[in-house]
Amino acid sequence: MKCDFHMHTIFSDGKVWPTTRVDEAWRTGLDAIAITDHVESQHHKGDVSTNRNRSFEIAEPQGRLFDVLVIRGAEITKKLPPGHLNAIFLTDANPVEKPDFRQAIKAAIDQKAFVFWNHPSHEHPQKKSEWFPEHTELYEKGWMHGIEVVNGMTYYPEAHAWCLEKKLTMMCNSDIHEPLTLYGEGKPGDHRPMTLVLVKEKTPEALKEALFARRTLVYMGNMLIGEEPYLRPIYEASVSPVRSGLTLKGKDRALLQIRNRSEISFELEAVGEPAEVSAPKSLTLHRERVSLCEVRAKAPGQTGTKKLSLPYVVKNLLIAPGKGLPVNVEFEAAFTP
Amino acid sequence: MKCDFHMHTIFSDGKVWPTTRVDEAWRTGLDAIAITDHVESQHHKGDVSTNRNRSFEIAEPQGRLFDVLVIRGAEITKKLPPGHLNAIFLTDANPVEKPDFRQAIKAAIDQKAFVFWNHPSHEHPQKKSEWFPEHTELYEKGWMHGIEVVNGMTYYPEAHAWCLEKKLTMMCNSDIHEPLTLYGEGKPGDHRPMTLVLVKEKTPEALKEALFARRTLVYMGNMLIGEEPYLRPIYEASVSPVRSGLTLKGKDRALLQIRNRSEISFELEAVGEPAEVSAPKSLTLHRERVSLCEVRAKAPGQTGTKKLSLPYVVKNLLIAPGKGLPVNVEFEAAFTP
Amino acid sequence: MKCDFHMHTIFSDGKVWPTTRVDEAWRTGLDAIAITDHVESQHHKGDVSTNRNRSFEIAEPQGRLFDVLVIRGAEITKKLPPGHLNAIFLTDANPVEKPDFRQAIKAAIDQKAFVFWNHPSHEHPQKKSEWFPEHTELYEKGWMHGIEVVNGMTYYPEAHAWCLEKKLTMMCNSDIHEPLTLYGEGKPGDHRPMTLVLVKEKTPEALKEALFARRTLVYMGNMLIGEEPYLRPIYEASVSPVRSGLTLKGKDRALLQIRNRSEISFELEAVGEPAEVSAPKSLTLHRERVSLCEVRAKAPGQTGTKKLSLPYVVKNLLIAPGKGLPVNVEFEAAFTP
Amino acid sequence: MKCDFHMHTIFSDGKVWPTTRVDEAWRTGLDAIAITDHVESQHHKGDVSTNRNRSFEIAEPQGRLFDVLVIRGAEITKKLPPGHLNAIFLTDANPVEKPDFRQAIKAAIDQKAFVFWNHPSHEHPQKKSEWFPEHTELYEKGWMHGIEVVNGMTYYPEAHAWCLEKKLTMMCNSDIHEPLTLYGEGKPGDHRPMTLVLVKEKTPEALKEALFARRTLVYMGNMLIGEEPYLRPIYEASVSPVRSGLTLKGKDRALLQIRNRSEISFELEAVGEPAEVSAPKSLTLHRERVSLCEVRAKAPGQTGTKKLSLPYVVKNLLIAPGKGLPVNVEFEAAFTP
């Protein structure tokens, strides 16, 4: 399921009516959203109702019509630390409006909400992501289940590391306030940031279970972030050679054709080279296309057939900060003089 | 000035906050807008204030920041006849909320508003534009100053004819309710529908004077509609030959190069042909480019130099319903055997 | 296999070197091409060799490198009738250069070539497609195996009818002379015209067998032309409902979500309506997306669950001139008051 | 005049017929081209004529038809040093084919050709641009008049410095071999690399005079390179404020609107700040649009009106390697509390 769990409407400081968030979700192929208006700040007091459940109540029937799950949420908006946290799967957003952050989060936890820390470096005086004692407190109480590894167009490598280390759920959300226009420049492959959740069926219960079980991937631009056991099957289901064999004549160039069925262009970087052939140091497997990999025999006199493996890492499938997924490009080489 | 005098916000049945209409106007190059929320219908009662001036009051400071004029307006929303009418240049929108259409329009006229009839065929049982006695009544009282010749993506040829015949102002507005995304398919030249107003300076007073004086053009897609004295100078300032002379050798083809500096691609259709040369039956002068016009001598034996004129009409510069602007493509032909 | 069997190089009146045709084929995803330079006309005599096999001989090694099959071909270029015919799967193009059309075609047939009639209305004084006695003669001798139903951007409905009636193979080729830039306006879905050939393996032999067996589809713009047994499986493999059931409450609108996996946007037109529900008269199933089909119960009081079927024809899957493929949109409707 | 003085056809190792280079030039708005096929290497011997004038002779009539000047040229293709040099404004290309580089260049100089060094780092063992004694020899004899500062997509900063230091003409050429498709990604503003030559009239003589007089600009991507006296008037004719005055209230943000009429987006970087106001560190003036520059008073209590000047450098208008054009953004600030 493609999801975005952080967005605003005119019921806090957003600029659109709640049904528009559902329309946008449908148009961009999302399966589920949570509208998370700030519960404390009343931006349009006098003009707009202060009932914190209204954005959900207005959006929800539109969601049923378009088959987009709408999850009741709220943004608990406190000074750093602990900063802003989203609570989703609430049953009533109004009681979460409390001046003290512990009371507010407790009110959400009492409703069995899933709680995550938003944009960790936000409002930090040095604009960095810092883990404060308050976060330790929330974490140890079991009151914080995830962190935004991506918010809008910003990636937080520290949050990525904390999620791996502390077994927290990785989140990727838009935090959109304005109407959704285009992310990027309208090129094929541009999309809004989203959390991919690995579920068995499209229900709120299955979604909630998967979030608590940490079965998520962060999908931002041409980058996919997650744990290796979830990333590897995606790469393997997407990439395959057009033909498994290649004839290498003397030192002539030969072209291995590799199909990538996915909507992500994979950026490969070599981490070694077999003794027999030279291959590209870097290689892009373009989205929804066949790409070429130029291979040559290193010594012209070789003969016979060998199974070869070119070792690469996929730089934009991140299994840890700065660490790409290791993969092999395999083929059978028939050497002729 | 580029203007849009018909749009909605969450203060009636629109989907965005009023400042967003200013942001959209700036982004699409408009100089002035009027937000015209319905005064009668209260779509979001209980959630949103019923003060009919709020959308203007919220948008206006944003307009000053971005140098976009925001005009106070309201849509008087009655059954057909007379249908919906916009009143702009109001001083207070609340008194315009009256159950009777005559009383409502009078309240606007008392404020010296400019009043125009919206989307004339809207809610007509046969979906056609019909002039009812109620329109005669308003027109004769001087209570109706213009008509929408274009609303959104729809052109009303009857409204076009009525404006010419009865000396009413031609209007072109978006009537947008949703957030503005793209009109058309995002190709160069796509733009939102707008009324071009010919003013001496960018002030509300100059704008109001020009509207009452009927100095407007309707600009929709690749089409410009207006009176000939306003359209001709636009064409002439936009189109010029790259070179004024052309050598015609025997019956070989020669290429006249014609530059079009404007953002509209002009669609020309021949209405005759000179005796000496053959020229294209139809000819597109592409926007912001040089286009080619292929000319050949009809008889191979001609000699000497002649000033020639190819008569065309520009199909997408409409001076009346179905009637394009007549123009001539002129050049000096040097005939050689 | 995606194929284009009609194109030119500088060895006749084209503008590119033969290897460029292979590069273009690879870039546009083709599996096979035939270069078919005119055998009679020597456009660049003195500048370029007159050996009619050179374009094939130069292109063929490039084809092996890029895994694009290059088929030896030639265009036999005679006055109408019979006009221009392509011979492909030649073993030597030079003997096909004969002044008499019967001798030229015989030379091709002697090499067991596959022969088809190009752009049937070309050079016809009334610009129409006409079947002359010469075509009957070729057809009866078994010397003409197919016709171009599409050449470049032009569709020939008469050729379409003749192929169905006389059991000839339908061809769709570019006849490109210039370098390949873009067909259409560079929008997703734009592609060069091509013949889709249904083969068991990617070899010249399999390709030739399939052409003689008439297993082809014409693919031009957003249109696919072919016999119903080949078109129906393509539609069925592409289109599926997101959910098979739909709840219809009173007369409220409900939205059936239909996924189209293919790269063609299917244009459906209703050919009737079930008694129970109203559905769209026309419906576009957008390429590689989910589209919405709005359904409402006709009478509000219905209850229970029914299997319903909405009958449409797909206007851009042509099984005969002007005749779209009939399909049904099926779903289970649960009626509630 | 927009020019490209380095390109190939099938008469050396290019892939297109000479007239195609004219078609491409017209389509991309060029005023003049030189086709510069290699004079030594005979790539297609046996298939194509070895007369070195043929590409010019075939292209020239097409140039007259499309009003594109075609200049006779040749690439003298020797090992480094001195590498490859182009000679343009030849009267006969055949005598330039000489094994010795001095003899070949002399043959061009005897024809009063304009000679420039191509892609200086090409074939250098360390892939760097190095000035060899052979270049000193040519330079001192007056046999080398310019250098390619840009070839294709590559910028040579050393060549840029040499041109400034030694008073050589800066050249920017495509060196295209393939058919021209798109440079960049087809976004507005993408264009082929070109040399802009500042001429009084569009004739070969005026062009030649301007090249020898060094009145050129290098135009590549979103970058313009040249001497300050040529760059400054271009910037000043392109950029102007929408309004010259700005009201600064307290410490509120105010928006200066700046129009850029040109097709280049100017990238400005601050090199200081006035005492009174804060302004953006970096600022993009988008092509063919109005951009916003956010200004705030530093101290809230200021009053009165002052002429202010914000100092920037335009990073993509290069007056020397790494050195942008210094400019000022000027406006009249009216301070109010």
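Going in written order, the chains are labelled A, B, C and D, and every chain counts its residues from 1.
In the analysis below, a residue touches a chain if its C-beta (ideal position, glycine included) is under 8 Å from a C-beta of that chain, and two chains touch if they have at least 3 such contacts.
Because the structure is a prediction, the values reported are computed rather than measured.
If you average the Cα atoms of subunit C and of subunit D, the two centres end up 44 Å apart. Annotation: 42 Å between the Cα-based centres of subunit A and subunit D. For subunit A, residues touching at least two other chains: there are none. Taken as a graph of touching chains, this assembly is arranged as a ring, one closed cycle with exactly two partners per chain. Chains touching one another, given as pairs, are A-B, A-C, B-D, C-D. Remark: subunit D residues 10, 14-17, 19-20, 23, 46-49, 54, 58, 178-181, 186 touch subunit C in the complex.
Contacts from subunit A toward subunit C in the complex involve residues 29, 65-67, 188, 242-243, 253-255, 257, 289-290, 292.
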